[in-house]
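Take a look at this one; I'll ask things after.
Labels for the chains are A, B and C, by order of writing; each one numbers its residues from 1.
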Amino acid sequence: MMETFAALGGGFAVALQPTNLFLALIGCIIGTAIGVLPGIGPLNAIALLLPFCLALKLPPESALILLAAVYYGSGYGGRITAILLNMPGEPSAVLTTLDGHPLAKQGRGGAALAISGIGSFVGATIAVVLMSFLSVPLARVAVAFSPADYVALIAFALSLLGAVGGGSAPKAWAAGCLGILLAMVGIDSGTGVERYTAGSMELLGGLDFTVLAIGLFAIGEILLLIETRIRAEAAKLGHGQRLTFGEILFCLPAMFRATGIGFVIGVLPGAGASVASALSYTAEKRLNENTGKFGQGDMRGVAAPETADNAAQIGNLVPMLSLGIPGSGTTAVLLGALLMYNITPGPLLFEQKPDVAWGLIASMYIGNCMLLLLNLPLVGIFARLLTVPAWVLYPGVLALSFAGVYAASNSAFDLLLAIGFGIMGWAFRKLDVPLVPIILGFVLGRMLEDNLRRAMSLSDGDVMALVASPVSIALWVMTLGALLWPLLARRRAA
Amino acid sequence: MNSLRGRTGETSMQRRALLAATALMPFAARAQGFTPQNPECIAPAAPGGGFDLTCRLTTRMLNETGIVTQPIRTQNMPGGIGAVAINHINAQRRTDANVIVAVSTGSWVNMAQGRFGRFAENDVRWIGAIGADYGVIAVRRDSRFTNLGELMAALRADPASVPMGAGGAVGSQDWHKAALIARAAGADPRRMRYVPFEGGGQSMAALLGGHIQVFPGDASEVRGQFEAGEIRLLAVLSAQRLPGALAQVPTAREQGVEVDWPIVRGFYGPPQMPDAAYNFWVDAIRRLQANPAWPEARSAQGLFEFNLVGAEYAELAKRRTAEFRQLAREVGLVTQTQ
Amino acid sequence: MTAGRLLGVFLVALAALAIWSAQSLEVPFAADPLGPRAFPSTVALLMGLCGALLLVPRGPAFEMPERKAAPPLLVLVMAAYALLLVPLGFLVATALLAIGVALLFGARPLAAIGTGLITSAVLWALFDRVLDLPLPKGFLGA
């Protein structure tokens, strides 16, 4: 314990150097901006910044502080378009649209942005504390999580799909299944055969999340907006009541729960922020079934997924820093950055390069404070986005979405695909088919199939392997509970 | 900005003149006949993918050392692990003198399996390799296998008894490492228990967690765990031992197993790239390899020295692709579209 | 036919297509016990069942838009953008897209042109210059 404090102190000495403070600030700003931009995620941003770090001859700890700030800063940015425009910028912000956008429509977009910023801060900061003290033992436990355990975890997350739909259960489930099927497009990793590609080369590598999300949400939303006359009420948005202290206190328990869920799931190398934000949102909804107005603008429905998202992002760094195992594409690129500085990522990092490892962790305490201070004053400015006339805002949003998709892929095919999904999103909205389960199915479906097939392959087809560990049994019991709960609740109500 | 660019241009002109004068580079004089205009490097991946870094970091070195004075921009073209890029080149830029495309052993595997549509190894001009990573056979530190022979014996007895896992699909370059070892052991690659994971990181987690017993990974990605004593390396799949921390690990050849697995990274150009331009780019890669600043930049990319340009590189690309095609036929991996 | 039924038919047909497509996969060898067919087929079956439940007439009719022509027009504008982006170049194509969308949102012509030009220039600067992700130059760059 004392050693940790001493090491952390050393880390702060590194992180508080003016250059590093400045880089952390720059990283936070870039990260927030990246989170807002559609098509360009933290993974892309880090890759684009890496050559700059090398060209500027930044020392390794400084480069890592900058790149990591971009990474966790992006967690603050994704919610902005999700809340204000109903367009999630990244997978984990999808849940935020559910209550965030209704709040914005009620004129409380600023309050929703503020509570999500506070949630992100709480989640990230507690996660950094946990990471400072428990990194290595946690990472050890995380690698013990087997494919069968992942199957149970993802099944549990998916079993809550019905809860996010709001409307009719068959529609929510159909949407979820459709999302899963969309995730099957591309080369099957188990056998190398092509599935659902219709012979198209562009689809070999599968569908891209950005293309799907921009289509379903951004283009679908714009198609829906354009068919009604221009709304006069747009101008009054953003002038609603500000976030009160009481509301923050009200959301605090939800934030703590979401931090726990987010961090634990983030530490697992095979899960991620999307699983975490989905689980924490649905957990809050279930826990507060009687008191909440989830889906119509509940503050906790914004706080929970955003808190879990940031906690999971930090959690994701745990296996990377303490074991050298990247849990996501983005942490893999961060790991690559370490490698470029001839720093061997892995278990010896903390001993061999304490400046880098602890400097990074210390900078995350500082960076998250910066992000909170940076974000709260910006809330008002962002919320004013909605007072921009529709004929300026939506052409801009659409052009930005297309530019983002095109710049990352250089493919007109992806643009056409996004337009196709846009038409689907428009039709589905009119038919009351919820879109969030499509995205969740898309993100989780591949994970579910891959892990199921891994588990079956490892057990040679023995289905009992799926319930071989206490963790998996517990998760399956919870899954059953989640599936049966609506039936029980209905009977009780009747 | 402009003055800066002008200055680097000047020094490189001097350097180029110097190089030509000393006649170290037989192609240098001929390459003078071509000056690239808005040169581009196509990375057949999204920003952040392996090809993306190959392009961005290599072109940065080409510009920084003054070998190429015109700034080279990186264009991302993900899709089908390179399929979209090779089709783009063949359909729209067959004679383009100003574009190079990042390529790796994984692309050869895809060419061999007919995944690039109508196009394969004869539809591009092979420029040169910039370096290679090497396959390794990793097991956990407490594994029952202490050398490659023991693993081979277990595979020979029952290929399904050893769960192996790596970051690529069945048929991918990661899978090939496992398949070639199994085949060398006299076992049928189709019967081995290969579990694909999402990237090398998750495979390593599965190895440390004891879910798989063998991880046929790449040298650059397992170095950290190896140095920390978390894993044991049964073999490196290179012709000679690797330098540095991995020097104590024997090659597969030393243990009597004729399996090499270099993951060669390099560039190709369009099929009808003019000779002057082709020679310019071949020469540029050759001079990059000779530059004193290159070894450090190369190992930063996780690559070992692998200097092969022009005709020799083309020969390697074609030979390897033919070998992969053979294996793909054997196990039935060639897709119907061929 | 009500909109709900139409959705049901769509889902059932899609599920059937997904199952048929999965079953007709040619698998070189069984690398894992489950194979590539089982999982998507099961999910498609579930989706088909949900679709079948929607065939029972219920729920809202497809609401007709106030401005019937606007959504198809917007789709047309977007599709034209996707196809003309490379030949026209990013700056021109994006300006045209933004002008078109602005007009559809009821902007006055001059305001729409202003929006279009500014949007296109800002995005060009952001992606091509700041982020260093090259965008098509089109005939302007030739």
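For the reader, a short list of remarks on this structure follows.
To be clear about the criterion, a residue touches a chain if its C-beta (ideal position, glycine included) is under 8 Å from a C-beta of that chain, and two chains touch if they have at least 3 such contacts.
Everything numeric here is computed off the predicted structure, so don't read it as measured data.
Centroid distances from subunit B, each centroid being the mean of CA atoms, peak for C. Chain-level centrality, scored on Cα centres against the all-protein Cα centre, points to A.
Compared on C-beta pairs in contact, A-B and B-C come out with A-B as the pair having more.
Distance between subunit A and subunit C, defined via averaged C-alpha coordinates, is recorded as 22 Å.
Centre-to-centre, using mean CA coordinates, subunit A is 32 Å away from subunit B. Centre to centre, using the average C-alpha position, subunit B and subunit C are separated by 35 Å.
With touch defined as above, residues shared between interfaces to two or more other chains in subunit A number as follows: 40, 48, 188, 190-193, 407-408, 454, 457, 460. Among the residues of subunit B, those in touch with two or more other chains are 47, 75-76, 170, 195, 333. The residues of subunit C that reach two or more other chains are 26, 28-29, 31-32, 132-134, listed in rising order. Subunit A meets subunit C in the complex at residues 40, 48, 168, 170-171, 173-174, 177-178, 180-181, 184, 188, 190-193, 195-196, 219, 222-223, 225-230, 389-392, 394-396, 398-400, 402-404, 406-408, 412, 415-416, 419, 422-423, 426, 430-433, 445, 448-449, 452-454, 456-457, 460-461. Listing the residues of subunit C that touch subunit B in their complex gives 26, 28-29, 31-32, 132-134.
Contacts from subunit A toward subunit B in the complex involve residues 40, 43-48, 50-51, 54-55, 142-147, 187-194, 199, 201-205, 269-270, 319-320, 323-327, 329-333, 335-336, 339-342, 344-349, 407-411, 413, 450, 454, 457-458, 460. Residue ranges of subunit C in contact with subunit A, taken from their complex: 3-4, 7, 11, 14-15, 18, 21-22, 25-36, 39-40, 43-44, 46-47, 50-51, 53-54, 59-60, 62-63, 65-68, 70-71, 74-75, 78-79, 81-83, 85-86, 90, 94, 97-107, 111-112, 115-116, 119-120, 123, 126-127, 131-135. By the touch rule above, subunit B contacts subunit A in their complex via residues 46-49, 52-53, 56-57, 60, 64, 75-81, 83-84, 87, 113, 115-117, 160, 163, 165, 168-172, 175, 193, 195-202, 204-206, 208-212, 220, 223-225, 227-228, 230, 245, 299-302, 333, 335, 337.
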